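Quick heads-up: structures coming right below.
What follows is chain A paired twice: with chain B in the first complex and chain C in the second.
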Partner chain A sequence: MRQLFSLLLALLSAASLGCAASDYHEQLVLRPLPLSTLLASFNFRSNITLSAFEAHNFDLFPRSLAQILQHAGTRELHLRFSLGRWDAQSWGARPWDGAREGGTGVELWAWLEAQSDEEADQKWRTLTNALSGLFCASLNFIDGTRTTRPVMSFQPEGNHPNVTMDNMHLLYGVLPHEVVCTENLTPFLKLLPCKGKAGVASLLDGHKLFDASWQSMAIDVRPVCPSGGECVLEIEQTIDMVLDIERSKRPRDNPIPRPPPGHELKCESSKSYHSGDTCFPVDYTAGQEWSLNQIFGKSMRETCPLTDPSVPPVCLQVPESRHVYLSHGAVEKKNPDGKSRCFEIEPGTGFELILPRLESDDPARSAAAEIITPETPLLYAERSFTGHGQERGGVQTILRNPSPDTKVEFIYMESLPWFMRIYLHTIEARIEGHSGEQEPLIKEVYYRPAVDRARATQLEVRMRVPPASTVFLTYDFEKSILRYTEYPPDANRGFDVAAAVITILNPEKNGTRYAVYNMRTTSLLCSLPTPDFSMPYNVIIFTSTAIALAFGGMFNILVRRFVAADEGPEIGSTIKEKIGGKLIKLLEKLGKAKAVGKTTVTETKG
Partner chain B sequence: MDGAKVTLGRTAALYAGAAVLRLALFTLFPGLPDLLTGRVEISTPVTSFKRLQEGLFLYNHNVSPYDGGVYHQAPLFLPLFSLLPSFATLPIFTYLLYIAVDLLSASALIKIADSGEAGSSVHFTSPRREKRWSGFIVAAVFLFNPFTIATCIGRSTSVFTTAAILHAIAKAVAGAPFSAMVAISFASYLSLYPLLLLPPLLILCYDRRNALKPIPSRYNFAVSNVALVVGVIAVLFQMSRFLTGSWEFLPSTYGVQLTLSDLTPNIGLWWYFFIEMFDSFRSFFLAVFWLHLSCYVGGLSIRIRRQPLVVLTLLLGLFAIFKPYPSISDASLFLAMVPLYRHVFPLMRYTFVIAAVIMYTTFLGPAFYHLWIYAGSGNANFFYAITLVWGLGLSLLVCDLTFAVLRDEWEVERPEMVGKDIRQI
Partner chain C sequence: MSARRPLNNGATSAKSSPEATIPPTVRPETPSNDAADTTSARKQPPPEKPSDVRRRTYVILSFWLIVLLLGLPIWWETTTIYRANLPLSEMLDWADGKACRPVFPLRISIQANSLHEQEAQNLLRLTQHALDDLNDFSGHHLRLQLSPPAAKEAEKDDAGAALTIRLIPGESTTSTLDPYSPILDITYPPHTIPSATSSSSSLATYVASQLRATFAEEQAIISYLLSSDSMPSDHRPQGLTPEAADSLSKRTTRSLKHAPTYHLTFSLFTSGPLPSSWDIEAAIAEFMKPVLDVLSPIHNFTIDTQVQLYATPGVQNQVLTKEDLSSFINAAEWPLSPSIGGAPTVNFIVFVGNQTILAAPQGSPDETDRTSQSWLIPQWGTVYLLPLPSDTTHVSAEKLKQPLLTFTSHLLSLTGTPQSGSLPLRLSTLARIRSADLLLRASSTLGSLARLALALPSISIPESVADGVSKTMSHLRLACETLGGAEGLGHARIAEAEAERAFFEKSMVGQLYFPDEHKLAVYIPLLGPVGVPLLLGLLNEIKAWRKRRRERAEQQATKKKE
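The block that comes next holds the complex of A and B.
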């Protein structure tokens, strides 16, 4: 009996340990941003011990993804689906310091364990094809021409033993043309333990998510070894979106934007011509009231029962002075920093939150009281094409360091399609307004040129921007013309060029983090010269005719003999003469036959 | 004695004039070299100076220039241009190098013209040979041809091939097979297609050498000279391998010419044809196009056996039309050889049409290219049509020259036929 009891105890403790090891938590952080926008950051995280993972005991870790990772020998995985542009000028620094963000389209990078490059490529193909099926995305189109092996830009986030580090290969692939849509969100939510049916994930809806001004869905899988504890494999799923409050509040049953009637127009009253019948419409309405239901189209259901109860599911980052109305059963807890508050929700109850309009007479004071002023990012970056025409062009990236006293050192990475032939000897970095001699801005360049139809260009530049200055990084490229079968059906739309990845390095050399801030520029649209798609047959025929004319002319002259115009065989020997002669003979015969017929007729009469 | 001095002085003045004109264009219009370098009519993927600079940059920064899709030129250009002072700081040395190469080509052309080989070869003497242009005029036509000047200002590396070919011919005419073979090996190493000139060049060498000093065995002569060419090319390849560290330059230089993987527009017939070609037939038509290019060598060498220089000239004309990446530099080389045949000009039938077509395409080609690429008001067919007309115009010139030369040969047999109507049967 005692033995049985101890066994039971052991089992129970094992079970509770297991629960503790594979914990799960989820959180939604809401942060109103300037210009009447709202940043919503969803974060879902679960753990599994590496030993349980090896034993195929996946628990809360999504089985479909885990099996793919095991099959493809993936040690660390990062997958991003993004849409839109983060407006750093008004919204400030990015959420998660940009670490959970991708460029427009789909981005994937992973550390694979392989003995050789060929094996790594093989596993990479397996991984992209499997993920393609899992996420309903065209990830299987990440082939050799879209894959690079970055050298400086990425470092593993997880803790890897040194033994496996030696055999790990980093591969990076990007699909800038991929349109992220609802079909990618559904499999994303299916990976969650509550499948989007309960908890903060119940707020997610494709209509709102993909209508956002900017959104990024991320999946990160990495091994984490807490000091003293057993190593765990951690999966973190993140969705960040910036919603335009006014746009989101538009009713679902009447989604077509129509001009509002005159009495509902919001006018800029500071304009000199503002009066009863003239109006300068303001493009956004500051300090609007909003609720979760209005923003997301539905209220939050009860919390996911699997979630760790110690982590509050919803947090709101607004100044402490603002009031928030909550639904029944929710408790507000203000954080000591005075910038955010979190809400604890009783199990089994739904949740609703209303942020009322801030009534204030002084507009200057109300702006500061209404929202928390966004942090200034470490660097602003804008990338664009220069030049005109479809023959050649240039890429210009404007990098501005807003800090008055610290320099920024970062790695700028481009992975360009092979049909943009870049000329590295034209790469140049110059500070705006300075022309004299100065310390070179570019510290180090890693360049792997493209091979036609086989490999993409990979360019990594380690450079710095001095305090309070703007640097222009430029280079030239040439657009190549492709075979007509290599153009997509909408050839004249242009080809998407992936976003440049900027990794700002940690100034402390022995710091724990490699990068302190990540960012992506926007993607570009490069238009290539196009042939005429409608006439392959005509071109083949015309060119062949030109060649045949030249060859035939030469052949004629080389093989035929010269004679004087009146010499040689009889004129009648030519085909024309022969045919003419035959015709004459035929006519003569016919004439004879007629004559004979006539004579016979006369004979019978006679 | 005096006459020689006068010619020497005249030639020097011609060289000086050509050099000063080029130097003036380089220095007075600083934007002109880069403008011309960017023109598709002048720079092809295998001769572009901008690509050479990129290759040079990668070579100087220890990145293999052949491990990429930009640089497709011979490896020996890299140390040559690395030895020159940097182009970015002292471009004048590069300019002087290109001018010197043009003048070298002109000097070879003067030697060819003054030898009189065009009018009277070992086996054939034209009755009209007295009516010819001197080397001075032939060189002047070459040096002041706008195509040659544009190629020089555009710094296309095809000028080196041109110089090597002209020197090979000049040495062959002088009866120096060794130098001729070395020169043609260099030309072949730089751009592959001059290798097809080897058979007529061997015949020319043999004829000239035999006239000077009888050669006991023609087979030994042929075999030893071909072996010499193979040897020189092998040495050049070994040097290239030593410089770049691997054999990967072979697919990147000659492989690109053979497979036409870079489809950048040019004035030839290949690029648009292979853009529009169906994938399953691509390799078949590549083989057909190369076979077509090489099929003229045998036929012309046999039919015009008595005048090997004519064969060389006609082949240069055909290559200027039908090679994979032609530019106006190839046309300028052909047009430099044509004035050697001043004596058969009266026998040509379509001189006006040819001149008109070449002028027409010269002016309309850049205009149509602009309409397609920049203005967007035309499509690729505009430029393609002009390249077709250009090819037809040049092939008419080649055919007409062949006709004139053959009629000239025939009139030796039938002197009474001079000036009479004839036909071919």
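The block that comes next holds the complex of A and C.
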């Protein structure tokens, strides 16, 4: 404790700088996308000096998270909560080049400092359990069977000057079945210094966020050492969501979709049959109009006073020609590239933004003038199951490189549950339409086979896709049969298989960034043979009956004496006599115990 | 015994078993004389061979032997619940306080450098007499000893003695308690020294009463602890007034559960965006660290600090009444989660706001603990309302002085430190109170475990629980022997931790619920169809055997007659 205090004293001068206002940064970028959707990217970033962090003076850094990080020896942490599917065909490249998104469900990877693998596992368990409590998610279910140690796919984002890389253990866990919901957003907002009460975070609301077509919440904690400056621990929180504008504009008190009345229908008036009672709906990309209040359900409150005043809190990416109406106190600043504009907001005032419909006579021109055409991603990927039956199956991933002249080199990582036993020899990559000799597409394979009930399969493939071509990556697998207790309550739904992680490598080998683009495929639903769950009782009753039958027959043969029909005791032939005879017998038995059997023939008559 | 068949004459195809030797002449009659046949006496089957009867007996016996000797043990072995042996009666003895009589022998050394050996011995004897007369509580015992006059008091005496009395000749009889070390200075006029023969002395009485006053609070607390627990009544001290007991109970419920380490969390909450930084490190180092250093032999402390903006309290009133105070902490929104790791968390909250607290009515018992600025939440921490100008962005260490001094005094009462006496005395008293407390807690946990084991016969008790219980008991025994010393506290601490671990063993809860309906559903389908033939076979065999015996007896009787 004394050491702690001497440290405290030593740090007094440094810490008095404390959490200066410029340490916090928040920004909302709005980008209208085709098909009447809108991408909203929230980004919050705050810092704490490593020395203050180690002295437990957390100031505005979330204490609950900081304690977990310290307790579990975590050097770098990445946590993702995602929902939905990014439609790359129409929405183009992903925000942040895919670096801030995860596969459906929850994804967690972290670099832990530990001397041995066992210690790392121990710390990982601590970390997942503690985060599970903090974020109200089932992260504690990330056990050995869902944890892998990726070799090629991930690189630390932060600077780790004081730690040798040998002691840094990367662990990666994923829960594809987890349903992300409001209870995960609330703790997420609590980590922000201004909570959800001020700044762009005041727009966030569980109803809208989890109603989005695609959303991803990310938390990244990494140490950053600026050249010449003191090392800081940076926490970056990101929320990206793609909102369906029409859907978001539905009034909250009347959320049930109903057909719009006739006069509100948007009709293509150029059609020859257009009249009062016939309508050909116009392409619904035309005419995006919205306001912040409509799509988020509320306007933005005053800016968070901690933010760096030089960073404009809200930016909008629309062509320069479009007009935007702003609330009082906001100033529009157009960027020189002509693609985006930002808004500076006077402290203490709220903010509202209205993007009116673009009135244009020429429908062909309006599409380009209305929104910025999305960038083409470096790679398209889709993954699906092939095959049929309950015993075997296959996985096929279609990877398409849209670029006409550059090849794409990437790492494809699968973290499969142990009950999908893959046949590694069947892994094959082929170019569509090509046959015959070609340069091998797969450069390197890292494979760690599963151990039943203990470890997941880990498959990392470094491969390339030539320009303007489509590659099919396929492999087969066998479905294993689970034990009775290993099935979840909804066993017939199937088992979620986590998304494949695709990390596109930087073509410049000496570049600062390891990956230029990240993406996830969708997760899969693998159906395994499910037993009839009343089976144990059926089996008990069936075997018992069989045993009883066999035993009863055998026992009776062994112990009974067989006599001729007329030698045995007489029993009444009608039901009445039978019952009467039994009653008398019973009475006799009650009266005095008398042996029944061959001697009682005359007595039964009496 | 015979297979009973419906005598429906021709319809019955008499399946001839090897035993049924039916002569061809005795075939069933034709249906026409059926009625006449039934009324007539039926044919008797031929008598059974004795070897057949014996064989049937053997068959039935061997089946039953297999069931009893093989089936039952296997069933018992596979379905029995493991229950480790617990020394239940001993455990209950601990819980009832029969196993240990908590006695706190306190050694008090007297330094009388100016007195002769003989005089000093005499004074000591008289003082001890006076003390014994005053004391009515056997658990708390003050024993005097004379320290060698030339001894270096610092090293030798502090080790064993709870208090050192320095007798210094002076003009009048006064006593002063050294504020920094456990030393009581008593001055005395030289003429008050008792002569070797006198049986009473005013100085001795004075010393005794001073000692008693010094340890009065400790004695009261310990006797309260013992009396509130299920100690037998002969141990119970008399003369604890209800008011004193009431205030003691308040104090004990307020104090945190004992732990070797406490985690202190200092939080600055504001309802708006400002202030966003504070000089907490400097303030802690200046105002709180001295006390923490003093407490360090008993407790370790870890500290963290945080600033939380936009924190709305649970009560928005300008003037807070006593009822409001309990709901002021907005537990749902304020991030005050306990720290991870085993250490209990003490929360110290500075809330920037100009609310005021409605002063407690005059004369209420806990008036001293409540200023108009802060209040203490039992076993949890303290809230301090700090009014600041609304444009303050940074809270300086100077402004934190008052809050931190309040926190420090509240920390002492949260750890259960007694209120009177000098600080070193208070701390040594704290150690003794804590060991008594832990001892009682561990004993009562043992008692609960024993009662649980008795009340739930179907609960499994794994070996680790028995292990924990035996460890607890051995440490309890050691603690009981060394009560009052540092060792005793250590043993009591281990005993308490082990007892808790044994009581909250996870695997005990797992098998708690296995309903009897399930057992029925599993056993009935098998035991019904198998058990009924076995049982009937046995009954019939017994009947047949008795019948045979009777017949034999009758035969013998007729033979005798003949």
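Please note the rule applied: the second predicted complex is superposed on the first by the 490 of 606 C-alpha atoms of A that agree within 3 Å, B and C clash if a C-alpha of one lies under 4 Å from a C-alpha of the other, contacts with A are read in each partner's own complex, and residues count from 1 in each chain.
As a working rule, contacts are C-beta pairs under 8 Å (C-beta built on N, C-alpha and C of every residue); 3 or more make two chains touch, one makes a residue touch a chain.
The structure displayed is predicted, hence computed values, not measured ones.
With the two complexes superposed on chain A, say which partner A:Tyr423 touches: chain B (first), chain C (second), both, or neither.
first
After superposition on the shared chain, which partner residues are touched by A:Val539: those of chain B (first), chain C (second), both, or neither?
The first partner, chain B, only.
Looking at the overlay, what does A:Pro529 touch: chain B (first), chain C (second), both, or neither?
After superposition on chain A, A:Pro529 lies in contact with chain B alone.
Of chain B and chain C, which one touches more of chain A's residues?
C
Looking at A:His56, would you say it contacts chain B, chain C, both, or neither? Reply first, second, both or neither.
Touch status of A:His56: second partner only.
Given the touch rule stated above, what does A:Lys190 touch, chain B (first), chain C (second), both, or neither?
The answer is second: A:Lys190 touches chain C but not chain B.
Quick one: classify A:His263 as touching chain B (first), chain C (second), both or neither.
After superposition on chain A, A:His263 lies in contact with neither partner.
Where does A:Gly389 make contact in the superposed view: on chain B (first), on chain C (second), on both, or on neither?
Once the two structures are laid over each other on A, A:Gly389 reaches chain B alone.
Touch test for A:Tyr447: chain B only (first), chain C only (second), both, or neither?
After superposing on A, A:Tyr447 lies in contact with chain B but is clear of chain C.
Using the touch definition from the top, say if A:Arg483 reaches chain B (first), chain C (second), both or neither.
Only chain B; A:Arg483 stays clear of chain C.
Which parts of chain A are in contact with chain B and also with chain C?
Comparing the two interfaces on chain A, one with chain B and one with chain C, the shared residues are 540, 543, 547, 549, 551, 555-556, 558-565, 568-569.
Taking the touch rule as given, give the residues of chain A at its contact with chain C in the complex, in rising order.
So the residues of chain A touching chain C come out as 1-2, 4-5, 8-9, 11-12, 15-16, 18-19, 21, 55-64, 66-68, 71, 126, 130, 134, 190, 193-195, 197-198, 304-306, 537, 540-541, 543-545, 547-549, 551-552, 555-556, 558-571, 573, 593, 595-599, 601-602.
List the residues on chain C that touch chain A in their complex, please.
1-9, 12, 14-17, 19-20, 22, 26, 28-29, 38, 41-45, 48, 52, 56, 59-60, 63, 265, 273-274, 276-282, 284-285, 289, 292-293, 296, 300-307, 309-310, 333, 335, 337, 339-341, 394, 521-522, 525-526, 528-530, 533-534, 537, 540-541, 543-544, 546-547
Going by the contact rule at the top, pick out the chain A residues touching chain B in the complex.
On the chain A side, the touching residues are 388-392, 418, 421, 423-425, 445, 447-453, 480-485, 529-532, 535-536, 539-540, 542-543, 546-547, 549-551, 553-565, 568-569.
Quick one: in the complex, what on chain B touches chain A?
Spelled out, the residues of chain B in touch with chain A are 38, 40, 50, 53-54, 56-58, 61, 63, 67-70, 261-265, 269, 271-279, 292, 296, 299-300, 303, 318, 321-322, 372-374, 379-381, 384, 388, 391-392, 395-396, 398-399, 402-403, 406-407, 410, 414, 417, 420-425.
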